[in-house]
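Structures are listed in the sections that come next.
Same chain, two partners: subunit A is paired with subunit B first, then with subunit C.
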Partner chain A sequence: MAKIILNNQEVETREGIPVLQAALEAGLNVPHYCYHPGLSVVASCRLCLMEMKMPHPKTGELGWAPKLMPSCQTPVRDGMEVRFDSDKVHENQERCMEFFLLNHPLDCPVCDQAGECHLQDYSYHFGKSESRMVDQKHVTPKKDVGPRTLLYSDRCVMCSRCVRFCDEVAGTGELCITNRGSKAEIDAFPGKPLANPMQGNVVDICPVGCLLDKDFLFQQRVWFLKSADSICTGCSTGCSIRIDQNEDHVHRLKPRFNPRVNQWWMCDEGRFGFKYIHDKNRLTRLKLRRGESFESLRWESLAETVRYRFEDVAKKQSDKKIAVVLSPFMACEEAWLLVKTIREVAPEATLVLGPVPTVEQDERFPVGATNGDTKFIIRKEKCPNRNGIELIIKHFGGNTETFDAFVEQAGAGEFAAAWISGGYPTEWVSKDFAKAAGKIPFKVVHDLFGSALTDEATLVIPACSFAERDGTFVNATGVVQPFARAIKPPQGCKRDGQFFYELAELEGLYQSPTVLGMMAAEIDEFKEVYVPPQLPEHQH
Partner chain B sequence: MAWKAIDRVNAPAEESPSLSEPLKEKIRGFFDRYPTKRAVLIPALHMIQDDHGYVGWKAMEEVAELLEITPSDVFDTVSFYSHFWTHPKGEKVVMACRSISCDLLGADRVLDECKKVLGIGDHETTPDGKYSLMTEECLAACDHGPCLMINEKMHKCVDPANVRKILEDDANDKLDIPRSNLYDGANRTSA
Partner chain C sequence: MSEYEKVLLKNVGKPNSRQLATYVEGGGYSGAKRALEHTPDDVIDVVKRANLRGRGGAGFPAGVKWTFLPKDREVTYLCVNADESEPPTFSNRVLMEEDPHQLLEGILIAGYATQATVAYLYMRAEFTEQYHIMQKAIDEAYEAGYFGKNILNSGYSLECYIHRGAGAYVCGEETGLIESLEGKRGWPRIKPPFPAIQGAFGKPTVVNNVETLANLPHIVNRGADWFLGIGPEGSSGPKLFCISGAVKKPGCYEGAMDFSVRELIESDRFGGGMRDGLKVKAVMPGGISMGILTADELDMKMDFSDPAKYGLLGLGTASAIVIDDRTDIRQVLRNVARFFAHESCGQCTQCREGTSWMYKMTNRVERGLGRMQDIELLGEIPAKMGMMPGLSICGLSDGAAFAISTIVEKFRSELEDYVRNENDDAVRIALEIAN
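== the complex of A and B ==
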């Protein structure tokens, strides 16, 4: 710990961190472009300059140094005195803003960044309303720097965050600064575009509207977007994300700062992998088989139907088994409520963890990083909650099976009934599984998309995507993280947590913290839930 | 895209020369002079420019591979230094000073005469590929303005009337003192 005097007030902070970081953490709005806590410090934007007390070279007396110092590059030392509220500092900020806006095209009305742009904010807070520039503006071209990203050089402030990100975090170094001085531009080598699996982050860290996402380009004005804090379901890393939606349509995912999991970043696979949420082919009808065809079932009668049917099977066919297949895409709460319900009516029910989609290996960043210097991992397990479901299966104990063993036994006709939860964004029902499942007479299939399984099911329950649900995931490193819902489920669907809640014969509305509380009373691992700290208000 | 944007996704359409094996070998010969391969970049670029006349996209990519850095790093460095050419230039580059001392002594008339004689504008190359014309900020001979530099040979106190004579002289870029062979000794070691 260190105590510094910041704007005449004593502030407690940590020794060695940049003064800028300390000031931001103390709630000060210090303008900055090039400083990002996840990247190296270059002190090139000159916006965060501060006044600092230094000993006089001759007398040794402490006084304000005549020159301004970059606060991002000055580490905190106990007892130091700095200020950001002097005329000198304000004058510098005003001058810098004037320079940043010299060649700015002022095309905010057609710029995607407008509304969350730090040129706008800083110009408003620290700049002047008029430009004294009388000459022709230097116009730099737009560049198609990558398959997913556009670069508007004319809006660039040359903070070089994107270049440092590619060099230091992604480790691929596609971006560079070409030319020099007032002609400097961000560029990529032709034919070697910005295409690394983490490249979407350059759009997030760009403080202005220079780097833009082609996927989000001209889709929404950002002030129409409403956000919810969620967890990415792309892999078992479980990055903290923000879902930005308007009118129940998800427009983009952005990473949220989480020091224990993803820091400031997320990968493209997760960032752009949400499109299935709005797939036209999603199941949206709760339906029950009557002979050869299906008929709609009212959600109100679901609990009764499920309980009655499972109880019936459990009583009448005691020589055959009942299975519950839990998907690693389910939230812990949902799985817990489901298992609780089924075990109530059929205490011998076998618990099975559904297939875990896996690719060959983890991807580590920077590219080629080993354990020690890894900054980000895209994990090989492409589901968010295997650990959580395993915890729940372990807690309930009793009969459990691996998925392969379940498929084998089902193929041999050992199961009389099964609840099968899916919720995978891609096709997951293998031919073997479909064939084996055909031998189970009574099947409840709870899934996002239709498959061979839903065609043969007795009861089909439409599932909700992660953006429509709330609950808790346990990531690959065992961090228990809650996620919130962002949008309403499509018409015809009911939020999974809610119908599981009703299935468990609990009264009222499903609130994930309530259910989590009940789980925590039984399972120690759920006692500690990790919610990442908020970034300081003015940090970006 | 509906509007104009520079394409960086696809490889450049224009052809540019590759590094020859002897040139590569010459660049490799510099590796042991520096602590890292990256540090060989500037000498390598000089050698490429001496050989090809400019540093093209293909050469940048190949030198990046040779030095184990990214092509964008090479592009960054090449474009930083204005004396590295990224497009073909003429055999001889005529640089006319346009800074204040030369200007006061009539540099504008010298430049106009150059344009007239060569039939090209600023930063252009003659159709026969012999001359490129460009302006420079200062050639560091303010006391002898107006100055003209042809490749590495300096012409001082140039009279606009003499420009034609200078440009028509085949030996107008011949140096009085030969250039150092710093980049010519392929396998010279630091010892």
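== the complex of A and C ==
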């Protein structure tokens, strides 16, 4: 701990962190472009300069030093005194803003960043209303730097965050600065486009509208977007994300700061992996088999139907088994409610963890990083909640089975009934599984998309995507993290948590924290839920 | 102006002055031998006592710079700054072309004093011929045992390599030089840490100018008192001066720092007076980034302390460019602005944008399309960019600011006269086209 005097007020902060960080944490709006807590300090934008008290070189008397110091580069020392509220500091900020805008095209009306642009904000707060340069602006080109990213170098403020990100976090170093002085531009090395698996972050950390996401380009003015704090379901890392949506259409995912999981970053796989939620082929009808065909079932009848049918099987076919296949895409609350319900009506039911989609190995960043210097991991398990589901299965105990064993036994006709939850964004029903499932006479299939399984199901329940649900995931390192819903489910669907709640014969609306509280009373692991701290308001 | 016996340039003009044999014959490498017989601290001590101020422009005492090295260091690098890029400076070039071994002896002494293991001679890209001369001299020195392992049986070893730049003014800034040496973009580093603590490849590093090092053999040989006896207090020792422009004898000369700009131009020992009956209009006495003097200010002494009295940044490289009375000051202004806009590395906002804005404006003013506001702005922008104390990472921005602001300040009435006599319609139309 260290105490410093900031704008004449004593502030408690941490020894050694940049003064800028301490000032931002104290709630000050200190303009800055090049400083980013996840990257090295270059102190080149010169916006965050401050006044600092230093001993006079001759008399040793403490006084305001004549030179303005970069606050991003000056570490906090106990007892130091700095200020950002003097005329000298404000004058520098105003001058810098004039310089930044000299050659800027001022094309805010067609710029994606408008509304969340730090050139706009800082110009408004610290700058002048008009430029005094009457000469022709220097125009630098718009470039296609990679398959997903555009670079409008005329909007660039040369903060070099993107270059440092590629060097220091991704470790791929595709971006560089070419040319010199005011003609300097960011560019990708010839023949090496910006295509690393984490490149989307450069768009997030760009403080202006220079780096643009092709996927989001011209899709939406940012002031129409509404956000929800969620967790990425792309892999078991469980990055904290923000879902940005308008009118129940998700437009983009952005990483949220989470010091225990993803820092400031997320990977492209997760960032762009949400498109399936607006797929036209999603299941949207609750349907029950009548002979060869299906007929619609009202959501109100679901609980009764499910409970009655499972109870019936449990009683009448006690020589055979009942399975509950839980998906690693389910939230802990959903799985808990489901197992609770089925075990009530069929206490012997076998709990099975559904297939865990896995690729060969984790991807570590910076590329080539080993354990100590790893800054980000894209994990090989391509689902968010295997750990959580395993906790639930372990808690309920009793009959449990691995998925492979379940498929084998089902193929041998040992199961009379099964609840199968899917929710995988991609095709997940293998031929073997479909064949084995064919031997189960009564199947409830709860999934996002149609498959061989839904074709033969007795009851088909349309599932919701992560953006439509809320609950809790447990990530690969055991961090229990809540996620919120961003949009309404498509017409015809019902939020999973809600119908599981009704299935469990609980009254009222499903609230994930309520269910989590009930779980925490039984399972220690859920007593502590991790919600990452908010970044200071003016940090970006 | 006192009598002066040439020291640094004494071999210039001798036949085969580049060869080791010639250099040794004139007493060469005796300073290095002497230094190696003493402890490194003794050498630092004599240089400190001589108060050898850096000849690169900033004038920081070399011996003091060496003492900033941490005591418990394992590796030390010596970088020799031969990125001589300040217009109109060419003294390092003369030293390297005509007497390369004098520099190499200086490198050996500085290397020994700082206990450096490797010396990098960083030469600007445009030094092609000089590169071959230096490389040949280094090869000769290696062969004679002045570089390599166990130099002259002293137990001290030093390797010397030439690194050639890629053509950037900013690489003459010591941390820009180090970045470039490491193979990176020549962007000056933020300080602290200073190079003495964390320099080239993260190791303690000393960066010294060519001329500074060329002084070392003489200091070691003749002692600190001899050095202090030359020139005024605080500006002692032999110094090279370059003079170019409309003088009869442009060139590189040696002297004590005890004469005025007027003497530098008029004296037969130096410039030899103005040619073709031209008159002095202005002089940039320390390289362009130190600022400009008018014809009324020629009494400025060419030493470390006097330039500040005339509103200049410092002595700089002590290289004067003499501008005659035929010259349009707008051209001077535009040319200076162009240089800094071209050479700004682009790292810090003020310098990157300020220099190019000023270039655009001076370009327009030169074409007879200036406005009074432009002259106001040309006075204001340099102050905005930061001038002592600067606002940017390195001093380039201060230099640009001094050069332009002194021109605008001292030749303001001339600039205003030009603007007043312009065709207002032409100015208006030009600006409309631009926007």
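Some notes on this structure:
Methods note: the second predicted complex is superposed on the first by the 540 of 540 C-alpha atoms of A that agree within 3 Å, B and C clash if a C-alpha of one lies under 4 Å from a C-alpha of the other, contacts with A are read in each partner's own complex, and residues count from 1 in each chain.
Simple rule for what comes next: contacts are C-beta pairs under 8 Å (C-beta built on N, C-alpha and C of every residue); 3 or more make two chains touch, one makes a residue touch a chain.
Since this is a predicted model, take the numbers as computed values, not measurements.
Looking at the shared chain after the overlay, A:182 reaches subunit C, while subunit B stays out of its contact range.
The partner of subunit A that touches more of its residues, comparing subunit B with subunit C, is C.
Of the two partner chains placed by superposition, A:57 touches none, neither subunit B nor subunit C. Of the two partner chains, neither subunit B nor subunit C is touched by A:16. Of the two partner chains placed around the shared chain by superposition, neither subunit B nor subunit C is touched by A:508. Residue contacts after overlaying the shared chain place A:192 against subunit B, while subunit C stays out of touching range.
By the touch criterion defined above, A:173 reaches subunit B but does not reach subunit C. Once the two complexes are laid over each other on the shared chain, residue contacts for A:144 go to subunit B alone; subunit C is not touched.
Across the two superposed structures, the residue set of subunit A contacted by subunit B and also by subunit C is 177, 179-180. For subunit C in complex with subunit A, the residues that touch the partner chain are 168, 185, 190, 341-350, 352-357, 360-361, 364, 371, 373, 377, 384, 389-393, 431, 434-435. Residues of subunit B touching subunit A in their complex: 1, 3-12, 57, 60-61, 69-76, 79-80, 82. Of all the residues in subunit A, the ones that touch subunit B in their complex are 141-147, 150, 172-180, 187-194.
Taken together, the subunit A residues at the contact with subunit C in this complex read 41-47, 49, 66-68, 70, 73, 92, 95-96, 99-100, 102-103, 132-136, 138, 157-158, 177, 179-184.
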